[in-house]
Amino acid sequence: MNANPYLPDMATVVEVIEETPNIKSFRLVLNDEEKMRSFSFKPGQVGQLSVFGAGESTFVINSSPTRMEYLQFSVMRVGEVTTRLHQLKAGDQVGVRAPLGKPFPVEDMQGKNILFIGGGIGMAPLRTLFTYMLDTRDDYQDITLLYGARSPVDLTYQAELPDWLAREDVKTVLCVDNEYPGWEHKVGLIPNILLEMNPSPEKTVAITCGPPIMIKFTLQALKKLNFADEQIITTLEKRMKCGVGICGRCNIGTQYVCLDGPVFTYAQLKELPSEL
Amino acid sequence: MSGEVSQLEELKAAIRGQLDSLDCVIGWEQGYDPLHATPLFIRSEADLERLTISPLAVHNPATYTTGFKGKKIGLVVRGCHSRSVIELLNEKLIERDEVVLFGLCCDGVVSQRKIRAALPADPGFVEAVELGKDELHITVAGEQATLKLQEVLADKCLHCAYPDPLVADVLIGEKHAPRQAASPACQDAFEALGNEEKLAFWQDTMSRCIRCYACRNVCPMCVCQDHCIATSRDHLWMSQENTPVENFMFQMIHVSHLTGRCTECGECERACPVDIPLMLLRRYMNKQVREVFGHQAGIALDKTPPLLTFQVEEARIKERDW
Amino acid sequence: MSAQDEQRELRIVGFLCNWCSYGGADTAGVARFIQPTDLRIIRVPCSGRIDPLFIVRALLNGADGVLVSGCHPRDCHYAEGNFYARRRLEMLKRFLPITGIDERRFEYTWVSASEGQRWQHVVTEFTRRIHELGPAPFFNPVSEEEWAKLALDGAARGASCACHG
Amino acid sequence: MERFITQDNLQRFAAGLAEKKNVLAPVASGGTTTFRRLRPGMQLDFSRMAVISPKDATFPRNETLLTVQHYPEESGKRMELQEHLPEGEMVVIGCRPCGTRGKLVFDPVYETQAIKDPYYIRRRDGATFITLACARPETTCFCHSVGSGPADEEGSDILLTAVEGGFVAKAVTEKGEQLLGDSLFEDAGAKAEEAAASNASARKLMGEAHDFSSAAEKLLKRFDDMDFWQTQSDKCISCGACTYMCPTCYCFNITDDEAGLVSRRLRTWDNCMSHTFTLEGSGHNPRSTKAHRLKNRMGHKFSYYPDLHGGQIACCGCGRCIKQCPAGVDIRQVVMAAQEYPDER
């Protein structure tokens, strides 16, 4: 971050990956080599991407701090800034303000079983932590990933899925909402598949992210599986502008999602006013 | 004054009779001080007791109707307010069987601007207000002042052709003899200015606009509300920058979207915190609509706004032949 | 008018419907009719597509003139588009005087695809008119002097503005 | 230090300052009084509290954060980014104690250990506030209920008190003391006592203060009671008059404008009562109705902010939001309604 917190660093798009029909991943490198070398962040922190002339939006840095050749952001095309982002190609310039927000409590997770539950674009913030844990595999017990999307083409990170599925040190379960020709994995809604998998809450942390409706039912399923509120971690989405707790729109009661979040435990969320 | 008291009682009785079948009835009560009224949402007998219909009760309750879609509500309406209701009905934005109209034959409402100008001290220091038949007795900063009601009536009332509700389920008060609408002198004077002077006036006036959109949100005909093109980035009509040109652009949007729909209730001008004379624009556009289409918004049911229809041969549009 | 304004190239915008007037301009071009070159043409599907606010936005953004041309009434490719356009454009034309924007800076007319000569006449006349009017004043004051003058004139009207209430 | 200045000399003093610095002062224009940049020939208008607050001095309605020069692709040049930090000094004359104190609500948000907003800090540090004490409260005034008063000096550099023939000027800061060295100021003499008496009388006229201390907790208790908020927001029209008039409302928007090959990032006042304030890209809006938005506005000022900042209420009691509300929503009444709401048995 610069002394002027509104001042982005210029960065170059080095690669654009078309993940799904409406999601692209962008790999960026800061133009200032020294800044890129010394850039440090933790899994779960976010950044503001600028397309100058269109504006700025917040996205999670979904590459792992253990792999610093580039910073990766996955962007779903929904509005003005994301539409302009989707027009970018390798070599184009963007602005980056990062890292912002608080990361996943990685230290607290060491020595525990980890259960990832991601839905759609909600896989982006999980990817950073998942990759990070693969790179520091020995620090954790069992790692399970349940990742679902509407249909097979809506699954992001297709290039990495075969590797994740093939690995013996993690259990990866994929699911889609309905049957599709050639689909060899689970079929059904994420909360139902989760119940079917019946993971034990013993020494386990569940990390979930996805659309609000999926989160809602996933939380219910986790409660049914006897996960305690402190064992459930999620990361929130809010409209943000400044990213540093000043502009005043991303608050839930006294907490600013850009500053105090976006990562919250379910226990913390329950303490806050219900305004998601 | 006794006339108004009995009218108020008559109105209360009429509302009382229907309160059970309505989600609420919108009228007015005293506001933060004795000089100001505020909209009242009547849901109970206790609420009803606070109802006032004095000339201080200025707000157009029709503004709130679209927020109650699907519910049945009552409105206390003056002549100009009934025009807004008619226009909303004509545009099928509300349903006739979802509003019960308690009509007041109206002798006019005050202009707080004129009161401010007439008082010996800032109206913020008001201590008491007593309503006489044709005057207001106001105690302000320890001083007594008597203002002739006629001298502090809003311009729209001085020149009102429709003081009595044009549609109502209950009508309270004496109907007025037909009146001719007229243009306020300040309107004529402004229209007579040259382009350069008019432009300079708007440039300066628009420099104090803070783009709070009170004029838009208080307008009974501005029904897009949360989805106004002025705050959209896709398509981008206006910058967020608060400069005279962007502020004026918004007024152009407002005027354009009100062409043939504005019922001249004057709420935009009343609501403006920085006193921008928006009615100069509204009245002028309405005059053009009258001249070209012979149309006045909200004076008759089942009329189509002129820009939503056309004639193959337009009698009063002179095709430019060049 | 500042010296800078006098040197400024005039900006004239034309909104032309795809089916008639754009064709008319094309016809004029193919026939090599001599026409002024400073009209910047924006092709729209129909004059009915033209929101009067396009014209307002152009004028407020610094256009010195805006010309709209569509199919003649009864000749609209979409049957009714220009009937609606006629009403809207007429209201805008009549409204401009209250804003202090010279209404001669905006004109609307009809030119069919075969009327190359008529297009030449319209564009020549309109361009001549705008050149006679000269550059339009910017709505936002440009210099501190202009701001100061406006603010002073405004303050001179003081608290006693009787023009509304 | 206390000095005296006649009314005419104060006008001269202001005009003199305006030759060297940007001076913001209440000026009557077009039937209203707002803070405007004082230019030669303009008269100060102290006859009423300016409709718009002096917030513009430290938090202008428009501010260019940065500009970007783009180049055509074929040029092979990379776009260049330019930071735009504000420069220069500003003097505000004739703001009331409430308006001056608005910035005190900004301070703990715009300048923290970790984050410093250089735009705000530069403006604040470059601003001088010559405040006018209020002689009499308006019906909408409640500064005494939010920890202030009609002659509050906090945040001011000079406090003026109207006395017979002019003003007593009291230096509050060193910056203020320097200004009082100007030859237009005279010895205050007995006028100082007159000023003190006037200030005491103004405070007395305000009457008893309302105790808002239970508001933080009581507002939270009503958080899920949407019936309560729907009733409270019935007459609200969801415009931005309250927030834009407010000396303490500090929320802003950041948007980009582009024209040709130059784009700029603009910071503008934003309004929590607007639908778009929290509208997310997906179309989801956590504050989808005016009831949700009013709840947040009240909560922010009287609950969340005080919780985070040592009990300080994010309201200066100027009453502008009440006076200028087109529908007469009264912030005091909304908060009191939550305070007085009977606790569940």
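By letter and in written order, the chains are A, B, C and D; residue numbering begins at 1 in each of them.
By our rule, contacts are C-beta pairs under 8 Å (C-beta built on N, C-alpha and C of every residue); 3 or more make two chains touch, one makes a residue touch a chain.
Quick caveat, the model's predicted, so the values are computed rather than measured.
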- Task: Figure out the least number of contact steps between subunit B and subunit D, where 1 means they touch directly.
- Result: 1
- Please work out the Cα centroid separation of subunit B and subunit C, and write it as a whole number of Å. 33
- Item | Distance from subunit D to subunit C - Cα centre to Cα centre, in angstrom | 42
- Note on the structure: The distance between the C-alpha centres of subunit A and subunit B, rounded to whole Å, is 50
- Note on the structure: Two or more other chains are touched by the subunit C residues 151, 154, 159-161, 164
- Indicate the residues of subunit B shared as contacts by at least two other chains. 113, 117, 204-205, 233, 243, 275, 277
- Where subunit D touches two or more other chains at once, the residues are 29-32, 36, 47, 253, 255, 257
- Classify the chain contact graph as line, ring, star, complete or other. other
- So which chains end up touching which? A-B, A-D, B-C, B-D, C-D
- Message: List the residues on subunit C that touch subunit B in their complex, please.
- Response: 51-53, 56-57, 60-61, 73-74, 80, 83-84, 86-88, 90-92, 94-95, 97-102, 107-110, 121-122, 125, 137-141, 150-151, 153-154, 159-165
- Which bits of subunit C are touching subunit D when the two form their complex? 147-148, 151-152, 154-155, 157-161, 164
- Message: Going by the contact rule set out above, which residues of subunit D touch subunit B in the complex?
- Response: 29-32, 34, 36, 47-49, 51-52, 61-62, 136, 138-141, 231, 234-235, 237-241, 243-245, 253, 255, 257, 266, 268-269, 271, 274-276, 322-324, 326-330, 333
- Query: Can you list the residues on subunit A that touch subunit B in the complex?
  - Reply: 55, 79-80
- Interface with subunit C, subunit D side, in the complex: residues 27-33, 36-37, 39-43, 45, 47
